[in-house]
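Inspection log for the structure reproduced underneath, given as structure tokens.
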Amino acid sequence: MRRAIYPARVRTKVAILATGVAVAGVLIGLYVTLLATGPAPYTPPAAQAAEGRSVNLTLQTVAAVGKLAPNENWVSYLVREHGTWHRSTVWTLPANTLVHVTIYNFDGKSGLRNPFLGQARGLVGGRFAINGKPTAVIDPDDASHTFAIPGLGVIVPVMGVADDAPHQCDDAPCPMETAHETITFTFRTGKAGHYRWQCFVPCAAGFVYGFGGPMQTVGYMDGYVDVV
Amino acid sequence: MTEFAHPATDYGVVEEEPPALLERNLLIGSRLWASSLVFFFFAFLFAYFYLRSLNQHGLFQPKGVSPPQAWGAVVAVCLAASAVLLSWGAVDQRSERRGLWRLKGVGALALALVAVVAQVVAWSTLGFGPTDGGYASVYLGWTGLYTIFVVGSLYWLETCLALSFRYRDEPFGRAEVEPGDASGDDYREAPDIRNAVHLNTAELAALTFTWTTMAVIGVVTWVVLYLA
Amino acid sequence: MWSRRGHGWRIAALTTIGTAIVLPLVVFVLGPNMPPGKGTPVATSQVTDNTVLLVVMTPFTVFILVYLGYALTAFRAKPGEEGLDGAPLRGHFRSQVAWLASTTAAVLFLAIFGTTELLADNGAGGGAGPNPVTKPGGAPLPVQVIGQQWEFTYRYPTYGGVETATLVLPVGRKIAFHVTSLDAIHSFWAYELGVKADANPGVDNIAYVETKKISTFHVRCAELCGLWHGYMSDTGHVVSDADFASWIAARKRQFAPVMKYLPKYSSSYNPDPTFRAG
Amino acid sequence: MRRRRLVEFNLLTGVVLGIVGFYVGWWLGHLVKAPSLDYFDDTGQNDIALFVAYFTGVVGFLVGLGFANYPVQRMLGKPPSLREKETEGIGRYFGLCTDHKVVGIQYLIGIGAFIFIGGLNAMLIRFELLRPTHLAWNGNNYLTLVGLHGTMMMGMMTSGILGPFANYFVPLMIGARRMAFPRIEALTFWLLMAAGTILMTALAFGGFPTGWTGYAPLSVQANMGMDAYIAFFALVGLSMTLLGLNMLATVITMRAPGLAWGRLPIFVWGTVSTSVLMLLAAPVLISTLFMLALDRTAQTGFFNDQAGGSPYLYENLFWIFGHPEVYILALPGMGIVLELLPVFSRKPLWGYRLAVTGLLGITLLSFLVWQHHLFVSGINADLRPFYMLSTELISLPTGFIFVCALGTLWAGRIRLTVPMLFALAWVFNFLIGGLSGVFLSDVPSDVTTHGSFFSMAHFHYTIMGGLVFAFFGAVYYWLPKMTGFELDERLGKLHFWVMFLAFNSTFGPLLVIGFLGMPRRVVTYAGYLQGANEWVSVSAFVLGASMLVFVANLVWSQVFARVPAGANPWGSKSIEFQLPSPVPVHDFDRIPTFGPDPYPYGGIEEAGFDGTRPAVSPARPTP
């Protein structure tokens, strides 16, 4: 009835309605995109070694991530891809494969809350190397970070740089000339799955118990390991 | 039943509200608000006794954390005196001695301001900081929120005084003001507030109750934080 | 039109028949399958508890559903009655008293029953705080559960305070879980054991259980504790005494290097940083 | 018509000033310097600045809406006499309006929008749970979604019925033309809108990981998004306190002649009991959040175990508020259902006094049960029998509500209209909600069910199955009265059946999944639960789709079809249905007087209000 009397008004209503639905659709689309956004996954290159197929994962940890991330003051892991360092904590690794990990740590000592986590577990050979020296456990007060994939039973403490060491790194990514510790180890990825990895050292400066901010944000001290 | 496309009003037939309504609303409202106030500070009372009974790691009140007794007493006494003065002033207003009420009202305002200033001084001369245990936390939180509420109540007292001063020459029961939406309703005249003096009396009765409650809470604060 | 008394009798009859049908199903079919299974005496008594709750609820539930169904069939407005009202009934003293009496009886029974179960089972597997009201006899094996962001680790104070990343328990032993946390609030939930106890920093929250058979159980964190809360899960094992002895010996060897760094066993820990890390 | 100004006090000005205020506060907050605040440099996040920014932003928003005019005039001693705003047309919905009917409709739309966002978040959560491992959302974002869903729903639905329907209809039902404090009434609404917006800004500050409970110390560690949670809940708490105060004052002082307490419609009783809880419980929340904010900014140690505080303190204080809060969500639903059943059973409310006793009994008991949320936490374990008893005692007054609902159906002439269907669904859903609650109240059983999907499904049965179903019952019942246009009955029935079936198909299995050992708020779960979780997710999507049916109904019937509803489409004898639809601006020409019976169905001639003084003058002029 009204349509006959007020066709123009109905057209207006339809137009307003369509605009509203379109705007809502766009907003919801943006919202969902925002939520799904995370660090881009990184696939380390395959390598050939004596024991068969393996991959090399090269990481560095920096005290402040600087221009590489939105939160410049936060501590973070970086990966090396084609010789350049960038920030990604989502890694894709092949299943049942050896992973050779090299971590260059440029960050100072923070100390573990639970000293138990200062002993390495789940590694091939049971030990890791600090600057080439095989080690099973470090003093919990010397720990700077840990590299841990609890789902795979892997945990490795990362030795911190002494406070009085010369040439402390200022800006990320840190050049190799600055003071650092090199941690190397090998672990075997198990069956395919989606795992998390994290740091267990309360290294988030300024947060209560050192466990906020970068320690609770994927992309800094937390990430995913996709074993495929 | 008749249908109306556009709700409209024939103000000729609209009945007025009973004149005593505003006064009743204010009185009931102030009593309800007072009960709310009690629960605001119940949370802090609970926190105080709960943390004191737990005394985690003996850190509730470490040695050397003691409140500034002198300033605390000044705050409590000023608040109590202010409440007494205001109640006395409300009696004057009801007995048509509006000049006396204004005098006492200004006195109550001044005393409360002294209390606020004393509290600020107490904060700035504290021998302890927010990190010094459970007592320090409760002390700062409780006095902080309480001072915010005192300042808010002072605003109300100030509006009462301002109204009284503006209409100081109007004889009791006359002082006609423009009819409007005092009760928040645009659509009818509000006979209860046409008279500024009447409004003043009603608000004062309500404020006295709230202010007394605030003072009682203030004294309880003093007893718990300083004497207990 | 049926008489109102007739309605009452029919609802009563349907409720009785319904209860008579449902109750055996609840007791014999549903009840034994209630969680968390019969892994331990505590879990078994939780199953019993759940069954008793179901039994008490059944008559009320059947009554309400029968009543709803009946009312919607019998008391629907028939065609032609649209303009008519129902009977102006404003209450019925005796049925109100009957309802009040039956619900009160049920509630008091449940409260008394729950309290007895709680005390008889030494906290029924729930965290009972640092000083439980009732304790099991004998000397339960203490196992400390340490929650941290985001992993549970376990300490065995009677085995030199060795700390492990997995939970293994000997069979046929009373266990006292001492649950604590190093940071946020976690909750130690060993589902098949029927144990749940919050892990609070600075608190020794004790839960008792007795292992009954060799089995595997799931451990999950049941209190939102931050980013990886959803990943904070674990599998535990109840093993024979011999297996337990060899397992704990192996752990002592494996974790010998870190032992010297572990703090002395304590009911709770106070690690740095206590405020904001700097 | 008054002169238009260049700058009006309305929503647009409010938003502009709100944004300006936010940035001014952000700048001011960064000026705060103290030696104890050095950690800002490390964290790169200045919580003080954000709190100040939220505060100034809200102040700017309220000033722009026109809320400052009155207080400033009063400071200058001017009596309240200035007319500040437009009184006609659509514009009054976009600003400070003190007409309780406008506020009711504002609430309906505003809260509806935020609840839509909350529901969307629920859909996204269920999408993630289609797979037992990580599927779609970044880890932090998943937890933020959980928190945003819970917090938004808990915050907004507290006023979900009191906001729209009590503001609109309580004054009508008690024969008043307004609320006791109409400016406060408007303020409660706009505070909620500011709060909802602030909560969504959490996304810009890294989200928050704590769910709606905000347990410390996790909430002290959390990113700046936590500040949005704190600001949101504090504003909601303030809004709740003021709403409760206003409602109580209105019902106490403004009842029309003849309307004794024993003659109030039961919905008003539901409102009164809810308001008592709001007035007394919400302040505890605000104080608790104040402590939390101090812990996050000034580094006090209220909830820091290693600094002389205790996380237990937060848990206790939060649930001292939190348990009354869940009854704030349940009681209005009970009021609505008991209000609807008489109308569509064509009978008086059965056991009126018992129902009132039930509502007041729940109100009282809800303050005495809070530690049942903490049965396994180790807090005061020796008090558990007491809390078990007091919790189970709540089923007595709740049982009163049930028996009154059932008794009202007895020998009625039931009409299965859409509102009636929703009211009956409430009885069914709340029955399951109540029964599942018994498991949680019993300590041995709670050991398994606490913190699991069982408890989550339980409170969705009581809040969504209870409150939201009652809410929709109220919408279908009262919206024709509020707008003057009918809602489509066929679409309404479609909405009801899809929603009812999908709801039970979603949360029924969740009870089982919880029993099988799945904790709340997790992103991964055991593989054998995948089938059940997929079923639940699909049901949840259907449940979400049923809301779109409702929106379609709303748009179609209110915007396009626009079939006039008539004054009394349901043949209700409540007073608001004796007024024209929509209700005239001034409500009544004359204040009505009331007779003894609020539900005069079944052959008694006297109306709910005294017919000798009709509320609407028979000789009203037609414009």
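The first chain written gets the first letter, and so on, giving A, B, C and D; residue counts start at 1 in each chain.
FYI, a contact is a pair of C-beta atoms (placed from the backbone, for glycine too) under 8 Å apart; a residue touches a chain by one contact, two chains touch by 3 or more.
Because the structure is a prediction, the values reported are computed rather than measured.
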Labels of chains that are neighbours to subunit C and to subunit D: A, B
Distance-maximising chain from subunit B - centres being C-alpha averages: A
Distance between chain centroids, defined by C-alpha means - subunit A, subunit D (Å): 40
Between subunit A and subunit B, centroid-to-centroid distance (C-alpha), Å: 53
Chain centre separation (subunit A, subunit C; CA means) in Å: 37
Centre distance in Å when subunit B and subunit D are each reduced to the mean of their C-alpha atoms: 28
Touching two or more other chains - residues of subunit D: 39, 42, 139-140, 209, 217, 221, 299, 301, 304-307, 310, 312
Of all residues in subunit B, the ones touching two or more other chains: 56-57, 131
Junction residues of subunit A - those touching two or more other chains: 196, 204-209, 211, 216-218, 222
Chain contact graph, described as a line, ring, star, complete graph or other shape: other
Pairs of chains satisfying the touch condition: A-C, A-D, B-C, B-D, C-D
Interfacial residue positions of subunit B with respect to subunit D in the complex: 1-10, 13-15, 17, 21, 24-25, 28-29, 32-33, 35-37, 39-44, 46-47, 50-51, 54-57, 59-62, 129-138, 140-141, 144-145, 155, 158-159, 161-167, 177-188, 193, 196, 199
Of subunit D, residues touching subunit B in the complex: 36, 71, 74-83, 85, 87, 98-99, 177-183, 185-186, 241, 244-245, 248-249, 252-254, 279-284, 286-288, 290-291, 294-295, 298-302, 305-310, 312-313, 316-317, 320, 564, 566-568, 578, 580-586, 588-591, 616-617, 620-623
Contacting residues of subunit C [partner subunit D, same complex]: 4, 7, 34-36, 45-46, 49-50, 53, 57, 61, 64-65, 67-68, 71-72, 75-78, 81-92, 95-96, 99-100, 103-104, 107, 110-111, 114-115, 117-119, 121, 123-130, 132-133, 179, 183-185, 187, 189, 191, 194-198, 200-203, 205-207, 218, 220-231, 233, 270, 274-276, 278
Residues on subunit B engaged by subunit C in the complex (per definition of touch): 56-57, 131
Residue numbers on subunit C that touch subunit B, as the complex places them: 202, 270, 275
